[in-house]
Each structure stands twice: as structure tokens, then as C-alpha cells.
Amino acid sequence: MNHGTLPTIDDFKVAFRTNDVGQEMHQLIAELYPLCRSITGHGLRETLNIIQRSIPLCMHEVPTGTQAFDWTVPKEWNIREAYIANAHGERIVDFKRSNLHVVGYSVPVQRTMALSELRQHVFTLPEHPDWIPWRTSYYQEGWGFCLSHRQLLELRDDEYEVCIDASLEDGHLTYGEYFLEGEQADEVLISCHACHPSLCNDNLSGIALVTLLAKYLTTLSHRYSYRFLFIPVTIGSIVWLSLNESRVSHIKHGLTVACVGDPGKSTYKKSRRGNAEIDQAIGLVLRHSSGDYEVTEFSPYGYDERQFCSPGFDLPMGCLMRTPYGRFPEYHTSADNLDFVQPPYLADSFAKVWSTLYVLENNRIYVNQNPKCEPQLGRRGLYRAIGGQAHAEVNELAMLWVLNLSDGQYSLVDIAERSGLGFDAIKKAADVLLEHDLLKERLH
Amino acid sequence: MNHGTLPTIDDFKVAFRTNDVGQEMHQLIAELYPLCRSITGHGLRETLNIIQRSIPLCMHEVPTGTQAFDWTVPKEWNIREAYIANAHGERIVDFKRSNLHVVGYSVPVQRTMALSELRQHVFTLPEHPDWIPWRTSYYQEGWGFCLSHRQLLELRDDEYEVCIDASLEDGHLTYGEYFLEGEQADEVLISCHACHPSLCNDNLSGIALVTLLAKYLTTLSHRYSYRFLFIPVTIGSIVWLSLNESRVSHIKHGLTVACVGDPGKSTYKKSRRGNAEIDQAIGLVLRHSSGDYEVTEFSPYGYDERQFCSPGFDLPMGCLMRTPYGRFPEYHTSADNLDFVQPPYLADSFAKVWSTLYVLENNRIYVNQNPKCEPQLGRRGLYRAIGGQAHAEVNELAMLWVLNLSDGQYSLVDIAERSGLGFDAIKKAADVLLEHDLLKERLH
Amino acid sequence: MNHGTLPTIDDFKVAFRTNDVGQEMHQLIAELYPLCRSITGHGLRETLNIIQRSIPLCMHEVPTGTQAFDWTVPKEWNIREAYIANAHGERIVDFKRSNLHVVGYSVPVQRTMALSELRQHVFTLPEHPDWIPWRTSYYQEGWGFCLSHRQLLELRDDEYEVCIDASLEDGHLTYGEYFLEGEQADEVLISCHACHPSLCNDNLSGIALVTLLAKYLTTLSHRYSYRFLFIPVTIGSIVWLSLNESRVSHIKHGLTVACVGDPGKSTYKKSRRGNAEIDQAIGLVLRHSSGDYEVTEFSPYGYDERQFCSPGFDLPMGCLMRTPYGRFPEYHTSADNLDFVQPPYLADSFAKVWSTLYVLENNRIYVNQNPKCEPQLGRRGLYRAIGGQAHAEVNELAMLWVLNLSDGQYSLVDIAERSGLGFDAIKKAADVLLEHDLLKERLH
């Protein structure tokens, strides 16, 4: 099934006969939610297996100890069981109830200890006494439990049996990659991290968006090649970059997607360059979407854009979120659950990414073939017949802008920015002018 | 009679012993008001004939069918009589009462028809029931009448005699041009459109301003050559550009003038370049004039600046208006009449254009002949004798700015912009410094 | 005694065991206050002699008549006595009570005259009837008295004995210079004017700041060489520049200091260049200091930055003040006295200049030695062990910024500006990264 070139997001529903992409995303999130993901291990593999049902994901397994620039692939971590039991043998904290209970990458433990010792390994959130925090200790061996603060307060001075049945051994780091060939070798790189356990906004929302984006794009023809990465955060992008250094020059635009299901406004964090085409494109989409949004400058703290935008690569890669990392109280807690992400917000984020790809796919630099004065649009049926009316039709104005700025320097995105008109109006105007041989694409 | 170089607008009245240039403009508008102008034809010719009484206008007649870039000079349209008569033979709509009643470029009609058919050829403004709209159909043959909405409502279901005694035949497109030679071949191009019928602000105000500007400039010596164009909108500038392509490189500054008599604030629309010297000059004049004003970015919709700023020419040409096209309700209606334009507003617009020419004429790049430290102004009588007072005189400050920035890069206009001082203060300071050999003009 | 490299202002007190630099400044001001300084003469010499107790100032004596660009060193002015006595021989105005009473550079007078004649030589401030204004007549011979307006009103129609026992003769222009050699020949130039009589904010506050700055810097090692100038305003900087033209290329940063003791907010006037490193450095210091401040664009009116920023030199030299010249009512009056300048404001100004030098001394361009992806900071103990917490420590963020932007283009000052973090945080991060061989200084 090939649906042809990218439809606008307004035509998306019709093109794919899909009712609610937000609902579809939420279902995938719900399916992935129970798995105990980490930066390595079976939870991550199972996650990628489930994604493979939607898209032909290629699984990569990189052995422990592999060098990746300044980093080394760590040991693989797997966990089977973990609990804290009281003197009566009651499991008062159990990994089965929430995989956030165990600090990620905890080494195996099987001991009895007094509350005072146990306390040193326990993390809680006093300001949110019912929430379980999420903590990890990837690069320094240790162990710990995360509890709701209420649970901690209920612990009496007693002996506790502490069990973490986990393994931390040589193995592999797993990541998923899907390369979708386009007409050109030039690539758009879209990445999400897939290493957080039962956390919906900060992880699963991004995974769901990228999965469905890849799924729908697969059926269409497109100019750019697309590369989708599902990777453990930081170490995953570093490993990918170290293995693919020679391919990096193909990446013309890039986007990291995370935290796209909460009710907050959309937030786009620009690439390190600050004026890349992806920065322009998302800027246009956000400006012409309904609802509030924010565009922030690049900062080297965040998700994998940190690595893609390191000075040795400096890729044109931004990050689309709703509420950014660390700015919502539910962040990295058990409250970032299936209720926190909602289909309408997921669908809205999907639409914004889709529209951004639509802009990138359709952006061109044209050269006006009648640069001296305006061409006579009326003769070609492109201009209202009765003059003297106060307001020109918007599409007439869009045509005039495209003609005026198509001097070989301005792209359609540049024209949309300078005119203040939406990209779609500009593109439609350019299409009509092309049909009438009034424009020609600039040869590079 | 030669009055010498351009006086400032403050000295204008004295120099020309003229009492009220706004009144003079309004009289010319009143004289031109009744004529039925169009983009060709006798009304346009008569208009130019009347202007010839003030300035030695050169009339150009370009034959129907002449190619001008993508356009062709249309047939010439002339109209003698037009009316709608009811069954009693009463002329209920008559071209004699308002030349707006007939759609411009209407083909001849002489028929009797039912109201239902007539209605299809009638334009009104329901939101302004007493006003007659103005409509044209230059490039698509047709005919029509414009009525006040109240007139339309009064029409009963009847048979009507419809007569448009017009001709649409091979002939000429007429435009007026006045070239005023200056010391240099470099030109300032000033254009207005002269193709609208009985409409005062959107047409006649611009014609009056340009005519009187040309008239007064003629008696003065000036650095630049000036070219004044009175042309039918769009086709006129296209024809002129196609006939004068080789001269275009002489145009250093340009201005289109329209809608300069209404009570709204002055609005300047920048050239496509956005930072041309004309943009700077008018910006300075507006900033240092009393009263509110607006400077807007270039847009390819408007008057003839659309053609002059097309990418193949990209001339440094802006457009000065008061309320812009389409933003006042009277626009293109019978309410844009002799009451709508007032002498004080006309005079104010004239003053702003005059002051802009004053800036352009006097703008220079000088080189400070004592670039190392300040020269001793006091020794030359240019600095207050008693030190220690809190505030320097403005002209001292202006001298210091001119000396400090005259490094061969900054023009006087640049210095006025950076200092925040008015052009006149900067120019006077430069004049004094020149007299004392402290500056020298930069040789190009 | 060598204290090593520049401490931050926070470490300053400890480093120098000094309790209150503002008090120390105020004491010096109080000692210098009674002297009758002018642009030449004994008062200026005595002032420099007192400064010599703190720093090894070099005294320069430039003969009357020496050419300095467009200027000539004037005659030397000295005054012994001056008064106005009434018919009873009572000295109703006496130079002994305030050296502002005599117009600076007054020629000798010894006459009896009517009030009407005397009035023509008297200056007062009617709007501040108790204050004595300060006036000078350096470059035009004359004489005069400055009185409080109340004194003037009390003068009855009488004969007055007027005596100014002054000399205006060939002599010298005196200035003080202290060159403090650093590791490099590149210089920081710090100047203040020392030619105003009993005026505290506009003169003595700058002298005190520069003196103590030089005193404390002397004991430290520093990268830059420092040149401190104590000069008569205008003629002093012109003479210095004319005598030192060949050295000017060594000046990498410069600062004029004046009016730094009043209660107003700090004001920095940028160099003519507007984006010099000194402009950036002071901007950072002010932004990260507590309290309000203002940064203004360069203007060619002010203190000696006028000469240093003349187009033939265009040195990167700004001016630090609190309330600028002419903006406080006490300016150039007897109310600019010892009460008007206060130790806390003096100390605050000192701290800002010190911090600026700290920035300049420590600004470097580094190159990230692991430009591809982030280096693994955790392995080096530079990153928190437990992941998943909401907020990174500021110093982690500073390290990430330094690593991300150290591509050989950004200096630490540039990084502080782009990141919004303080210079100190950025410098400390860079130091830690340097220790771990993650950065290398860029070779020019």
C-alpha cells in the first residue's frame, strides 16, 4: 500500500482512514507500561520486540566493554524479583507491584538488616508522600529501593529481609534502528529514548510517537530518507554515533522526541546552531498551530540532543516536548502514569511532528522565471477578475510573496517566515506558480 | 527664478512665499476630481494636461498591444454616457452624477432587461448603504454598475433600460513623466498612480503631492536628478520599467506616494531591501516629526512599489501613505471624496516628503581630519567658554557625534540614527566643522 | 608580599585582611578633599604626591606650549588667595572657606568695583540657594567668583574689594602614571581624572578607586600589564595619547572610572565598539551582582573615554560610574562633598571593577578535547552518582556548557553570556575540566 507523498495533517485522517492516532499511541503506551526497561537488558529487548509489530525495526546488540568515544558499554542488568519483607515475612515492598521500587542497576542483595541500615538505601519524596520516585545508579555499583514516603513512615524498628534478585554481567546494550529509504540519501534522524521503566510521559510517549510516525511514513513516498532510533539515553546515542560516524554527514535535520503526552503547552528546544532549517520548520508549525507554545534556546542539558549537538558533531537537531524534563512534578515518579498522558495531547504532538516533516519534505528554493515586475496572474486565471476590492485573497498574497522572494536565496520556509503566512499557504501558492511555469526549482 | 539649494521645510514657506501648500494641493485635487480617469483614455490624458500647467510634463503614448515583460498594453477605454432608466424613462442611475457608477473598462451595452438580470451586474456596499463602491474589470471583458445599497433596495421588479456608451478599442496607454536634471546622473524616482476616477485620497492626494513637489523643486539646484512619474497603476510601472530598463541603474532612491490626505497617522512601507538609504531617511524624518507614525516592513501587495521592488529590479523604493490601502472604510468608495482629504494632512505629508529629500540631498560621508582625540573646538569658538555646566548644548553634542563617527564608514544619516539626534542638527554640525576644515568629504 | 593570582572579590577580604575597602577609599577622599586641584598647578601635584604614598606613581611634567595633536599645553595656574571684601573690609567671600568660590583659571584681579560690575563675574545656582557652583575658564582668559545664591542675595549696593591672587604663567601640565608589568605586554588601561577641586563624587571617588585598585593589584601576579593614569580631564588624555601613540596597540581593554561613590545604581557606558571584551566583562559582572544597574551605549560626551574612543584610536574603553555626569543635582557643586560619597557605595564600585579585572584575567578560549559526545564525567567523579533527580547541580550544567561551546570560537566570557550563568561558575567548571585534561587552551 503506497499512499503517495505526505498528506498535510488535515488530510492525514482521510489518507489513513484512522480515527484517532492519540488513542492508538495511548494503547501502545499501555502495552509497554508494565515492562521494566533499563539502559540494557530484557525489558528493553521486549519493548523493541513489541515495536517491531508496527515497524520493521533492526535490533542491534553491542557487547559489554565496547568503547564508544570516552565511554564503555556497561554490563547488562536484569532483574527477576525484589522485595522488602518484615519480620512476619510479609512483602511490604514488592518489585511486582511497581518496577520503580528498585533503583535501576542495583547489584544483587539477599540479607536481613535493621531499619537503620535499610534506611540508607531508601529514596522517597516527602513532598509527594504517595508517589514513588525513580532512581538509577548506572555507572556506580550500589543498590537501593524507592518507596512512597508514606510507606517509609510506616516502617517500624524491626529486622527486614531485603532481596534483589538481579544480575549485572557481561552482555549487550540493545538498541532499535529503522532506516526508511527515501528518494535522496539525505536523512532526517528521529530519536527517542527507550530506557525508562514504568514512566509514561518521559519515555513511552516519545516511543509511541516515533513508532506511529515511522509506521505511517513507511507507506508513503518521501524525498528524505528517515532514520528512527529507539535507544537508551546518553550511552545509546553515544554508541550509535561512534558506530555511525561516517554516516553523520547525511543527517540534514534531526529531532529528539520526549515528554509529548502531558497537558502542558508544546516546547521546542532549538538545535545548538539555533537557526537550522529544523528550527525554522518547527517554529513555523508551532506559530500556526492553535494553542500556546514555547521555543527555547539550546542548552546542553536534556536528552540525546546533548550528544548529537556536541561540538564535534553539531547536528541540526532539536528536541520537541510538551512540559520539559524536570518541570512537571510527576517527572521521574510513579505519578507519570497512564492517566498523566492523554490521547488528545499525544495526537497534538504527533500532528506537530507530522506537520514539521511536511514542511521539511516540501521546502524548496525556487527561482521566479519572470523576475522583472509581476507576471500577469489574471491572464492565467490566478487573480480575481474584479479589481478595487479592499482585501486580496490570502492565496493571491501568498503568490505575490513567493514571486517576490524567489530570487534563488529564499526557501519556501524563509518566505513563510518573512511573510508571516503559514507554510501550507506558501507551498500551495508555489505549486500553482510551478504549474504555470512561473517558477523553477533552483539547481544546487 | 532659482531659489538655490533645498531649504528645510521650516524655511520652505519663506523661500517660496507660499502660504499653505496643503490648500494648494487641495485646489488641484478639486480640479481633477470630476474627471473619469482609468488606466487608459481621455480622463487620464486630461488629468496630465492639467498637471502640465504646473510642471513641464512629458506625455508618453504607448500603443495597444505593446509587450511589456509578461504584460500587453490593453485596449484604450473611453466612456461618453451611461445610465439605468426605469420603465418610465427616468434615469435612476446616471454616470453624470458619479463616474464611480460604471465599472471601469465596461464594454458597451444598450439593452432592456429584467431586474433579475440587472442585479447580476450591480455592485453595492450593504455595510455602507449610502456609499457607491468602485470596481474595475481591466483584464476580463464585462460590464457593470456600482450603486449605493439604498439605490439597489429601491429598485422594483421592473424592466430597465441599461446603457453604457463606451468604447474599448485599440489606442494608447498614456503616462506622464518629468525628468528634472540635477548635478548628478544619480536619480530619485518619485511615482504616483493617476488612474482612479473620482477618488481623492487613493489617487488625487498622491498626484497633488508629486505635482507640487516637482513644481517647487524645479526652481532649486539639487544634487540628484529627479524623475516624476504619473502612471496608471501596475501596467504603468511595468510599461515604464520595460521601456527604461537601461536607466534603472541610475535610480538611487525611490518613493511611491499615495493616500496622503486622510487624517490617519503617516505610514511608511519599507523597500524590499529594508535598510536602504530611503528607508533610513524617512525613518529619521518620521521619528523627529511631531505626531504618531508607523513604519511597516515591505510586503508585495500595494501600489507600484510592487513592480519596482520585484526581484529582477529590487529598487530601493518605499511607499509613503497616511492610512494604507484597504485600511480606511472610505477606500475605493464614493466616500473618498473632497471632504475626506484635508489641507493640514496634505501639507503634513508634503512636509515629510520634502524633509526626506532634504535628508537625501544633504547626506554625505565625511572623514574627520583630526581623528586622534577631539580637535580643540573652543579655540575655534565652537565650544562654550565656561566649563563645569551640567548640560552641553545640543549642537556641541552633534559636533562631537559627527567628529567621533566620521571615520569614512558612517554617513550623516547613520550618525543621526546612532546618536538619536535629528538629521538637521547633525547636518548643521557637519557644516560648521567643514567650514573649519575639520571634515573632508570621502571620495568614493 | 605576593598574594598570587587575583582572588575573587569574595576572597578579597581574606586575601588582604582588609576590613572595609570603602572606608579606606573614603579616608583617601577626605585627605584629598581640601586641595585646590586644577588641570595644572600645585594642587594637582600635591594630590599625586599623596597618591604616591600608596603606589609608586611616576610624575610627568609636560611644559606649557607643548603640542598634543590639535591642542597646546596651557599655562600653569596657581592660586594663593582670593576674596571679596565689603566696604568694612569684611571678607564676605573667601577662597579659604571653599576653593569652589573662584572660577578655575581666573586671571589675577585686585580692584574695587561696584556691585553691578561684580555681578557680571558671579555665578550662582538659584534653584539650590545654599550650594556653590563650580565653574572654570581654562581656554579663555577671564575671572569670576562662585557664590551660593543666598550670598548673592545678601550683597547690598556697595563698593567691593575683589582680590584673586593667582598666577597664570608658563609652567607644566602634571600627570601621574603607574605601569604595573604583568606576564604579558598586553595592557589594561585604567584612567581617572584628577583635576577637580573639592568635589568628591566627580573626581575623588575615581581617584580613590584607581589608587586602591593599583595598590592591591601590585601585590599579585597577573597576566595583563596594567597602566593607571591620574590625569587632568581632556588635555591630560590628549597629552598622554600624543606622547604614547606607539604604545596604544598594547591596550587590549580600558576603563575610565568616575562618580563611583554616590547612592545611585551602577552605570556602565560602553566603548565606541560596543561589543568589546571589556563591554562583555562588565556586562556579566553587573548582571550577576545584586542591585539594579544600567548599561548605556557609547556617546562622545563624557570623560576621557571621549579621547580614547576617538576614531583615530577607537580603543576598547568604557566608563564605569554610578549616577552619570550631570544627572545628579549635586554635580559640580559644593554639595558633592564628603557626605555625598559613602563607603558602601565606594566599596561596591571597587568590587565591580575588581570582578571585571578578575573576568579579564581569567578569560580564555579552550578547546574541548573530546568534542564528539560528552566525556563520561561520572567516571571522573564529576557527575552525581544517582540518576533520575530533577535538577542538575549548577556546576554540572556549567561543565556541560563549557564542554559544548569550547569549539575554539567561544571564550569563557562568551560561554557565560550564552549560558546565562555567572563567569565564576563557568571559570570553575573550566578549571575542573582542565585538571582532567578535558580542555586545552587554544593557541592563537
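Lettered A, B and C in written order, each chain numbered from 1.
Definition applied: a residue touches a chain if its C-beta (ideal position, glycine included) is under 8 Å from a C-beta of that chain, and two chains touch if they have at least 3 such contacts.
These numbers come from a predicted model, not from an experiment.
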{"item": "Same or different residue numbers at the chain B/chain C copy interface, by half rule", "value": "different"}
{"item": "Angular offset of chain A relative to chain B [C-alpha, multiple of 5 degrees]", "value": "120"}
{"item": "Approximate Å spacing (C-alpha centroids) for the pair chain B, chain C", "value": "54"}
{"item": "Residues within chain A bordering two or more other chains", "value": "none"}
{"item": "Chain C contact footprint on chain B (complex, rising order)", "value": "368, 370-376, 378-379, 385-392, 396-397, 400-401, 403-407, 419"}
{"item": "Residue ranges of chain C touching chain B (in the complex, touch as defined)", "value": "68-71, 103-104, 123, 133-140, 142, 234, 237-238, 241-242, 245, 272, 299-301, 306-307, 309-314, 326, 331-332"}
